[in-house]
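Once you've had a glance at the structure underneath, I'll fire off some questions.
Which chain is which? They are A, B, C and D, in the order written, and residues in each are numbered from 1.
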Amino acid sequence: MRGSVKKAFVGAAVAAGLAVGGSAAQAEDVFKFGGVFTLSGPASFLGLFEEAAVRLAVEQFMKGDCIVEAIPAQPCEGGGLKIGDKKIPIEWKAYDDVSEDKKSIDAVTRLVEQDGARAIWGPRMNSAVLSAASILDPQSIISICAICSSPAMTVGRKWGHDITDTGVIEKHAISKFISESPERLKEHGIDPKIFEGRKKTGFIGRNELYTVHGSIGWEEGLKQWGGKYSYSDADKVLFPQGTTDFAPFVAKLAEQKPDIVMMDSYIVPDMLAIMKEMKKQGLDFETGKIVLLGNDVLMLQFLVDLAKKEGINMSSGYVWGWQEHNPAQDPATLARVEKYVKIYNEKYGSTEVGNSSPFDRGAYDAAIWFLYGVQAAGTITDNAAIVKAWRSLKINGLRGPENQFFVRPDTGEVTGQLMATEYIIGVKDDKVFYTGINYRDDLFFGPYVYGDKLPK
Amino acid sequence: MIESLLPTRSARAIVGWSIVAAILVLLWVLVDNNYYLRLLISAGIAMIGVIPFGLLMGHMGYMAMGQGGFIGVGAYVVGCLTVQRFEIDIWAALPIAIMVVGALAYAFSFALFRLRGYHFSIGTLALGQLLYLAFDSWEWATGGPHGTSGIPRPAIGEFVFATNSRFLIIVSVFVFLAGFTSWWLARGHVGRALNAIRQDEDLAGARGLDVLRYKQLIFTFAAVWAGLAGGLYGSMQISIDPSSFTIWGSFQYVIYVIIGGAGTLLGPVIGVIFITVLDQLIADVGVWNQMILGALIVITVLFFRGGLWGGIRMLWALALKNRSADRSAVSTQAGAAE
Amino acid sequence: MDPILEIRDLSKRFGGVEAVKAVSFDVPRGSLVGLIGPNGAGKTTFVNLVSKHESPDTGSVLLDKRPIHRLPSFKVARAGLARTYQKNRLFFEESVSENIRTAMIWGGAAKHQDLSYPGLKGKEEERTAELMEFFALTAQRDALPSGLSHLHRRRAEVAQALALAPKLLMLDEPFAGFSREEAFDLIDHLKVCQKGGLTMLLIDHNMEVMLEVCEYLFVMHHGALLASGTSAEVRANPEVINVYLGAET
Amino acid sequence: MSAFAQQLIYGTSYGMNLAVAAAGLALLFGVYRVINLAHGQLIMFGGYIAYVVTTGLGLHFFVGFAAAMVAMGVAGVILEISVFRILQRRPATDQLLASLGVYMMIGILALRIWGDFEARPINMPGEEGAILLGEDIRIDFARIVTIAITIAVFAVLYFVVYRTHLGRTMRATAQGPETATLMGIRKREVAALVFFIAGALGGAAGAMLGGLFNVRPDMGFQPLLMALIIIIFGGMGSLIGAIIAGLVLGILYNLTVFYVGSKLGDLVPFAVLLIILMVRPQGLFGLPGRRA
């Protein structure tokens, strides 16, 4: 009785407009997989390609056309997830959070309660991640993010998975690189004089949590590797979102007279503008007055090309960053990447999503990896089993072989944080190149990576 | 004459606002879906802030564009007191938050009410932006860009309002209170003053009205409720960061009031419901959803004078007219037949 | 002479323009005096200064020996100084009776025992009804200002100002747009009030009517007081003729 | 000291940009008492038009600049016909909200056409060179170009407003509808022209801002916010007020970022605005005695 009244009421009054998504139904025969992405608003470029890559992964899993094969014994056959003898179709549903916390959580709740999703991709903003955790964790719903830099995704959480390195880890890797011994640098064909006599480092980035974490990671890392360089978190230069004139910010950076500058931004227009202004204000990385360091976006070939068009020469030997792997080193990976890029670009290249970059590759990897994890668990209802199976699974993906989750050294517990290799790369003759230096196990330390409590 | 009507009118208001609150509670009884509950809670919280704001903007004609700042102050005071720096019960934190927001709004009202029209709007916008900068920079109290997380849900004794359905009860009570106090102010003395201020505040002053006092009263009143809405918002979201309290949060309130219908008490309520439903409807549209929202805002403003509530009343009046026209047509025919 | 309004050295400057320059004069209790001057003489600014719509830079204003130049406009109104506006101003969404009642509520109850013009005694409804009857507005009681004729609107405005039960009423260009008959009709009403103890300061540039009506006149020119005196004196003043009458005739 | 001088120079250039961004808004506000929030997106879209013409078609910067002005002028006219004409007798809040809706629509349109991942640079004359004063004060040619453009734009604007028939009718309209009717002004044509000029000024600001760095979908927001402040700060519809207020804000912004804290760029300008408004509600150059 109550049920029918409720249905009538909900159907008639409120839900007339709301219930478009359909009701949560039989969880047994379909695997419901949902996502919350920023598709409009200031951070939409991150959401657009992430959503596109995950959607592509789901489609390929359904078609049996996976580029990456994680478990040879259980190939991607098509028709859905192979659970026992049955094929279970995957249903993918994504919402736009318009860069608003509240809408993120609205969407998460909708996915869980209305669409019956058992695993959720996103959200990625810090407070949204924390709020979402309070909804997802009690219901043991798996949450995943492939371009989150927020430690909130995994720290102290049983169900959270961060399948990328965080801003902190990136800075650890680069700070380790510039603290290397001259011998090690020489070994990899890098002139140690580049870093000789340099002491003071500066830090510039957009005012947001990623950069705030990055600055802390930078300070931590420089201390950790011997304290040869000076940096204090208080000296970071942060510009607001939507800045149109970078002069005062670069001037503030130049005022600190740094020998090395870490540009911690992933916004291409901002990065180009800052580099242009740095050159003008004497922070010249072309002549070696400073060394410019950056993250993975700085080491994208298309950015190097764009910079060249703008009259910025990045191949002076004084610009360094990192990337997640070098497909050229491994023919199997290279073949996968080439095939993937072709498919991706045909599908999305002409739309606002744009051409493939290492970031959508990471998201694609993560999605395929997760779906294999579900298959390996042999269940779509027992999330504990899924998490256990997935975390113990390694993957040879587009980002290189043997991707796996990080194991805490103190407790031996497998966490939800990806343990990726950080490859140091630079620019030579207008082309990005891998130095051969890479880091893995020794990078992970500190509360931002596996601490039990989030810093206040 | 009007005095003799008052008991009935106040009874009607109590009944009216009880109905709004009761609908929320009733939905709690009927709906056990957390998704709908969450939408109801967030709509309720928006109503708590926006009904009193409607008095300021609609009745008094002062469009404040910094309400997001007051929402943020409410949320952060609660956050700071309950988790960030202290561990005070949220029931104690909420009144403190209200007092802080009230004091802040009252203090700034002296300065802001030297301004009128667009100048006032932009003055409040500047204030909202300054508060936003404070949220982002004063890490001791707000956690800076990290934000504040773990804001608790209220409890009475053993009864914790942790679940959405229970939280909705509290929100409904406050929606009732916000609606009722707003109605209480909008009627009689204060309402007459507000209407006069909107029409011609110089004249009102020349006829003996203490214009500044009423302006300050309503500005503080709206800010206090926005602060309470902020405190409840923090409790609903559990974690907050500065990005929730930008200028867009302030614009959101303006949108609710104008879309719903400025100058009426029910208009903002309708605005909140309309935008909440619309947001969910367009969520399925994908990447063009904000385009549709923008277009609908433009169309509503262009073609519905007095917002949706104005539109509804117009259609209602039209329907009544048609009906009476039909009736008179029928009676004329009847008369002719006789 | 027992002045009800004493104005001393009132000045106001806007940017580079001195709109009112050190104006001083007294208004005797119970009188009907006029302030005249050509357009742009600073008359309206002067009214705004006295009613505190603008704050004077220097100078003082005493109403019944009580300084009012530091009070906000609503307290000036409550102290017993009411004014009307050059451009007709009423609450445009309220009916005529509501407009009048509103001023009664805010202005406080009639507390001036020495006054006895219409609309001072009784409860609010009685006072409103009396004022409307006095100004022949009873038929328009529920009409909105936009639905009134110019004549009725002006009367409603004066009625609203009188609802404050003021000691002194300042009328800014009350005859604008009026025919001679209409103007004298309004003056007849005002004279009834004067008999009841109301003091009035009329501001207008219509010399002809003003010279006929006012017992005493002040002439303003370029923000300063140029001359003062009875009609005959003003009419004979060569300076006034020069700046004012000469220009008009 | 030289750092201070350098910040003054950067602030001047930024302030000039803001003044152009605000000029269109100030014009509309001065003549019609309309605040067009969509102006921020006209700035952004103007930047993209200049990008398409300059970088895409390989034409000279000034061709792109002119194209941006014309295109955004037309966009302004379209806005006038489709939105503001319908709302002319409605409350200011309605106009504000409608223009906010347009703001959202144009923003999404640009985002969907160009995306926001790649940089869209515009080549501007004099991008490389600079004048050096002493050891460490430099004035980039590009900034000199923007300052020169600003002065030229304002000179033309001044001429149009104070020396032409159109300007007289505009000022008459600003005096009030009655004056305009008395002068027999044909309202529609004037409105279309005023909106065209305002839109064109937005396009010019976009092309200049884009020329200094590059074009992105959110580039209209900060100039819009600053422009709102400038038109109030500088006084209603006052051109000279817009330039001076723009300069003051631009310099304050730069000095705050440099000396107070990089995150607090808005802090001092907003605080100063609040204080100034308290002391002089009519703005720096507003007509005294006239209330908004």
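In the analysis below, a residue touches a chain if its C-beta (ideal position, glycine included) is under 8 Å from a C-beta of that chain, and two chains touch if they have at least 3 such contacts.
All of these numbers come straight from a predicted model, not from anything done at the bench.
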Interchain contact steps from subunit B to subunit D (minimum; 1 if touching): 1
Farthest chain relative to subunit B (centres taken as mean CA coordinates): C
Chain pair showing more contacts of the two, A-B and B-C: A-B
Distance between the centres, which are taken as Cα means, of subunit C and subunit B, whole angstrom: 43
Length of the line joining the C-alpha centres of subunit A and subunit B, rounded to whole Å: 38
Between subunit C and subunit A, distance of the C-alpha-averaged centres to the nearest whole Å: 75
Where subunit B touches two or more other chains at once, by residue number: 136, 287, 290
Per-residue overlap in subunit A, given as positions that touch at least 2 other chains: 40, 48, 207, 352
Sequence positions of subunit D contacting 2 or more other chains: 108, 112, 263, 266
Subunit B partner contacts - residues on subunit C that touch it in the complex: 51, 53, 72-74, 77-78, 82-83, 85, 89-94, 102-103, 105-108, 160-161, 163-164
Residue ranges of subunit D touching subunit A (in the complex, touch as defined): 3, 6-7, 10-11, 13-14, 17, 108, 111-113, 115-121, 127-128, 130, 136, 138, 140, 209, 212-216, 218-219, 221-223, 253-254, 257-258, 262-263, 265-266
Residues on subunit B engaged by subunit C in the complex (per definition of touch): 189, 192-193, 195-196, 199-200, 202-212
Of subunit D, residues touching subunit B in the complex: 29, 33, 35, 83, 86-87, 90-94, 96-98, 100-105, 107-109, 112, 225, 228-229, 232, 261, 263-264, 266-267, 270-271, 273-274, 277-278, 281, 283, 291-292
Residues of subunit A touching subunit B in the complex: 5-6, 9-10, 13-15, 17-18, 20-21, 39-41, 48, 95-96, 98-103, 105-107, 109-110, 112-114, 125-127, 130-131, 134-135, 152, 207-209, 212, 352, 454-456
